[in-house]
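The two complexes that follow have chain A in common; it is paired with chain B in the first and with chain C in the second.
So, the complex of A and B:
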């Protein structure tokens, strides 16, 4: 039997070495041909129909295939895409001049009808569009002539152009929409859908007829790799060219690899702590301020996030329109915090709950905050659940503190401030139940006027009110990141993988 | 025999109804609003009325028993509903992912059986000697090591350090090697252990002594007689391992970025895609039951003493 076993062993060794020979003998079949870029996706895009999703993986792919009327440039400004120019006609009407000579990948010409069709499709109940809320203020889309369209809103809505740069508002081919855009997507973008093999590799090829000129990149391969660790191995092994959201602890190892580079930049995200201002001990502003003073936000950025975050005063990062504020940052001052608590008549220990949802970042943060608040006599009971349970818990009238991440995806402060602060949103995302008539008025006015200077001023005042009343405490603005193989040059990353622009990129 | 198989297949129906009801119950007992979970962080900024509208669109505003019976009626007609995420029929989605996971589980099972049985036999023939101790030592490591950890180790070694095999993706046989070996590892251990103990037990039986006293060659005694009898519990283990392999596929498909049923299920659960969760769990239940039925039928082929009526 010993002999049998050793022959099995020899066979195994032979197979492995044979495999090695085979693997190293034919490297051609895995070498990526010229001008192909392979991008890791953290999850399966469930559909390729931009109207039927509100998911980052979906938009990362659809934004290469489809285009919106307006493009958000990496610098933050709104620039023409399918619309060449736009103006506000009156309080509730916007007019858009459309680009001429653009055709969809299926040959359908792009015109004012395409815009009307796409927006109506996004808003139609039959579409079951989860992201239709981005355009619910739209009442009517009027075709003026072949290349002019007017959009009428049911209320004055200044951030409309910003909303029309959101990928969910993509313009789709009305011909192709008769079929299933989720499987056979047809847009006007620089890349054309090629194939999707058994749901893993999703291939796009260059649009040779692209109105902005044919890109150098001839093919994009999206490979679904859910594990961050696997993504990094694949990047280092050279089978993937670009990954997004590099974990802070892996950032340095990628940066020091000569073949790779990693970038970090301010995105549209913020991480905040919310207070229930309506009920319980947190209804007292002094208690809220004491908590804010007791949290060492600088220390959290330096140690937990390893520097991959920026300190915050207002509620939205500098990349967002309307982020300016004159208010001073709340310092780290536990002694003052204890004094304020005593002032408020709180006898330690004060018991409070903190809700958050399952994620490495929120878990670490919750633990850190729990430890820091213990120093001033507050006992936090931390409840970490999945997102749905978290959302349900924080909508209860007697919840306490909560911790969440937020993205101002339209890059206009209205999106965040209106949702979080307006008293009419108390059934929605205003979980602090904040209600201030003056802030309500300013939010409405800032939404109604197209005067940019006036809007900036109003948002600055609103931020000042937030620092004064503390319905929320922004802990930091996380830095977004991506890493790439240095073969890829000329890509513009913008604010997230969604806005990755490969039109000017090439493989060297 | 055929009535036995027919009866077993008929029994599948109450099992499936039970499974679907359990899935449904767990879905509705899970705290949190399904629509909010579906949207996740991406749904921030959405108003309460808009949430209600989505709830109506997916039929989640109806009482739970209405939802369940409408699902059941549809399922009996072969309509498992449409995915909340993609809007496409659940059956199509599950069927498109299923062959991949079956191939992965099948290859892993083959590896596990081809390595596990000989290793167990080798160990049983020399109990408590170095070969036995060596095999059982490796088995212990195999059983103890979490699948994801082994997967990462193999990936680091073979993809990053040696660069023999691709770390992620699918399409060629080379993409299948690391995931199959990862899943098979723990099963090798179970199968080897079971083979060893079962064979040792059978080697002490009277009929083996009889065979030896007839003057048969030792290899005939072991392979023709003892091993055949010893295979019954091994086969049961292999059948049950298939369930483990499908479970392991969930983890491995995520680590290696493979497009199988396991990851489809995980994604569906994360997105609270009820029709998709129902569809994939039911499918897995059917496969698991059918595999075990096949195992039960195979007993007859191996051990003539077993009869089914």
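So, the complex of A and C:
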């Protein structure tokens, strides 16, 4: 009896499992995987209003929701987005033909008025846009007809199309801007804001009416994961599909994982050391040069950054228009550095401070530079603080050295060189307090002319002046990187997470 | 009392542990041939081996050497806040408890304000406003420990104040200062000694926590909390960077707490 019972039991089990296999067998082959991409964000986007921010985490999200007149393709060229064509009418006037038949997510039609509204909103003092400097040269936005707009600048400004590809110049719905775009963003982009729960999860869904055709990806989930190590664990576990800025020491382990892939490439970034050229011992060019000679930049790239950076001579990498051409690199030569310090009448130990902000990369560099300067008799006191305290400290007139990262987001050298070198920017980003009338003149001339050869020549001379006067020492050009789960295909990753393009992507 | 203390096995282990830590960190320069700040980029992230018994860090610095030198900071960070905090707290509690009235009301309400915040958050806020650095961290940890001392002292003082020997001293014409210093204070010290000892462990942990959050020591010096924080980044490939400083924090806090417990038992509390 007992045996009989158990054989019945076995039979039942076999039948049930067999039925289950039959029921679930075939559909699996044709089932399309859920078209959701989960992306890790290293920080919390404070707002979703592109005009009210100048932050990479914000732009990473807003660039999926909003669009700009001109798009920066992954290859670096400027291609049509909301503008289909553009031309320079005269020195100070640009004309843009706009794409027809585009509607915002709230149903408002996109036209020349939307462009005028958006640019005026960005520039309006009451918007308090930190990024308004991108378009301060704009004097007037003139609506010619429904789909033609002219932008008049107060001076000739060659890089204007590049500036109009910057995410801060996003075109917003004038209807929705009556409310709070920071919470309810409305643009024309491929993805529509869906929801935001607490501070860690932000969802977008596909824009079925997208002018470029509905993307395959149906949903993007942004998850705020501040720690790089945690991001990598989530990527390996399959709960996150894409992470950006892979730490050098992890790159190889991701690359060799069969389910993941990682890419590294030259982006638009620079990492530089700034000198206060106006006050203190650093006002002496020999002291600045001694410091430059004492830092083994090649060794930093090869060892500490594990090759994930390129050596730098000028201030912007080769991806940027107007990068340096043939200035002589400053070598690593501690003996010469000591000689220069003695020449300058410095009796070691010379005490200096170095300010930077808390980040794995800046902490590592500050510690390395401190150890190398000790070799030539400079005692560096390193102050690593949060970004706010760092920014406040370096705007003081008597600060010393500082270490920071910079991105030439417009891919035009004007963006970086004007901000960091022009004497008129000394209460802005020119924390070196550098002032050279000839460099000022070249900067002004280069942004005023559309002649590319002339501009290249001027920027080459400006880079040479930087190597000569050393208001800044570029340590290297970091390689940008991202890693993804291989089930995500077809994504285009331009120069940083800001330019991630998922319009042609899908989950396999 | 000393006999009872010396029979307490835990306490003896604690004393041995603390003595060992003190000897190791003060003798760091004799024990290790390396300089804690000198970098050798050709020997980054080496696992423990004959040259580097506890391995090297991301700059090729010797981890053992850095732990020994870091011990000086961590032990100082354990003791200094306790000294500052206990002296201030005991003084406040003594005045509040002995003088009573408005003094009591004002001082103890001020202590309640401090107690209203979780200690570590308060310390975080204080360091946040003073700026990062070891001195500020120690001050913050000291400040948040004051209310604890003040309350215990006040409670003790209130019971001692009514005892006959105090009344006798009052009758014989002793002044307020003399009464507090010679008659009350010595008789309230016992529980405070225990609390101070236990607080050393807490202070080591709190300093390590604040350093872990990037508010403590600035490079190149490193206490154990900072070492632990920097190790996070290299955890999958260099376990030794996290394990050894973590073990040192654990051992030192354990040793100090064992002494504290031994004292408490020996003093019959």
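Throughout what follows, the second predicted complex is superposed on the first by the 471 of 508 C-alpha atoms of A that agree within 3 Å, B and C clash if a C-alpha of one lies under 4 Å from a C-alpha of the other, contacts with A are read in each partner's own complex, and residues count from 1 in each chain.
Just so it is clear, a contact is a pair of C-beta atoms (placed from the backbone, for glycine too) under 8 Å apart; a residue touches a chain by one contact, two chains touch by 3 or more.
All values reported here derive from a predicted model rather than from experimental measurement.
Trainee: With the two complexes superposed on chain A, say which partner A:132 touches: chain B (first), chain C (second), both, or neither.
Mentor: first
Trainee: Now for A:367: first (chain B), second (chain C), both, or neither, which partner does it touch?
Mentor: second
Trainee: Mind telling me which of the two, chain B or chain C, contacts the most residues of chain A?
Mentor: Ranking chain B and chain C by residues of chain A touched puts B first.
Trainee: After lining up the shared chain so the two structures overlap, which partner does A:227 touch, if you call chain B first and chain C second: first, second, both or neither?
Mentor: In the superposition, A:227 contacts both chain B and chain C.
Trainee: Classify the contacts of A:407 with the two partner chains as first (chain B alone), second (chain C alone), both, or neither.
Mentor: It touches chain B, and chain C stays clear.
Trainee: By the touch definition at the top of the document, which applies to A:303: first (chain B), second (chain C), both, or neither?
Mentor: second
Trainee: Determine, under the contact definition given at the top, whether A:390 touches first (chain B), second (chain C), both, or neither.
Mentor: A:390 sits against chain B, while chain C stays out of touch.
Trainee: Under the stated touch criterion, which partner chain does A:381 make contact with: chain B (first), chain C (second), both, or neither?
Mentor: In the superposed model, A:381 contacts chain C only, not chain B.
Trainee: Of the partners chain B and chain C, which touch A:358 in the superposed model: first, second, both, neither?
Mentor: Only chain C is touched by A:358; chain B is not.
Trainee: In the overlay, answer first, second, both or neither for which of chain B and chain C A:435 touches.
Mentor: neither
Trainee: For chain A, which residues belong to both interfaces, chain B and chain C?
Mentor: In chain A, positions 227, 229, 385, 389 sit in both the chain B and chain C interfaces.
Trainee: State the interface residues of chain C toward chain A in the complex, per the touch definition above.
Mentor: Its residues touching chain A are 37-39, 41-42, 44-45, 58-59, 131-132, 214, 218-220, 230, 232-237.
Trainee: For chain A, which residues count as touching chain B in their complex?
Mentor: It is residues 1-2, 4-5, 8, 19-20, 23-24, 29-30, 40, 43-44, 46-47, 52-56, 125, 128, 130, 132-133, 136, 180, 182-183, 197-201, 223-227, 229-231, 233-234, 236-237, 239-240, 385-393, 404-407, 409, 415-416, 419, 425, 427-429 of chain A that touch chain B.
Trainee: In the complex, go through chain B and note every residue touching chain A.
Mentor: 30-34, 36-48, 50, 53-54, 57-58, 83, 85-88, 96-97, 100, 118, 121-122, 125-126, 131, 152, 155-156, 159-160, 162-172, 174, 177, 254-259, 263, 267, 271-272
Trainee: Of all residues in chain A, which touch chain C in the complex?
Mentor: 227-229, 247, 249-250, 253, 299, 303-304, 358, 360, 363-364, 366-368, 370-371, 374, 381-385, 389
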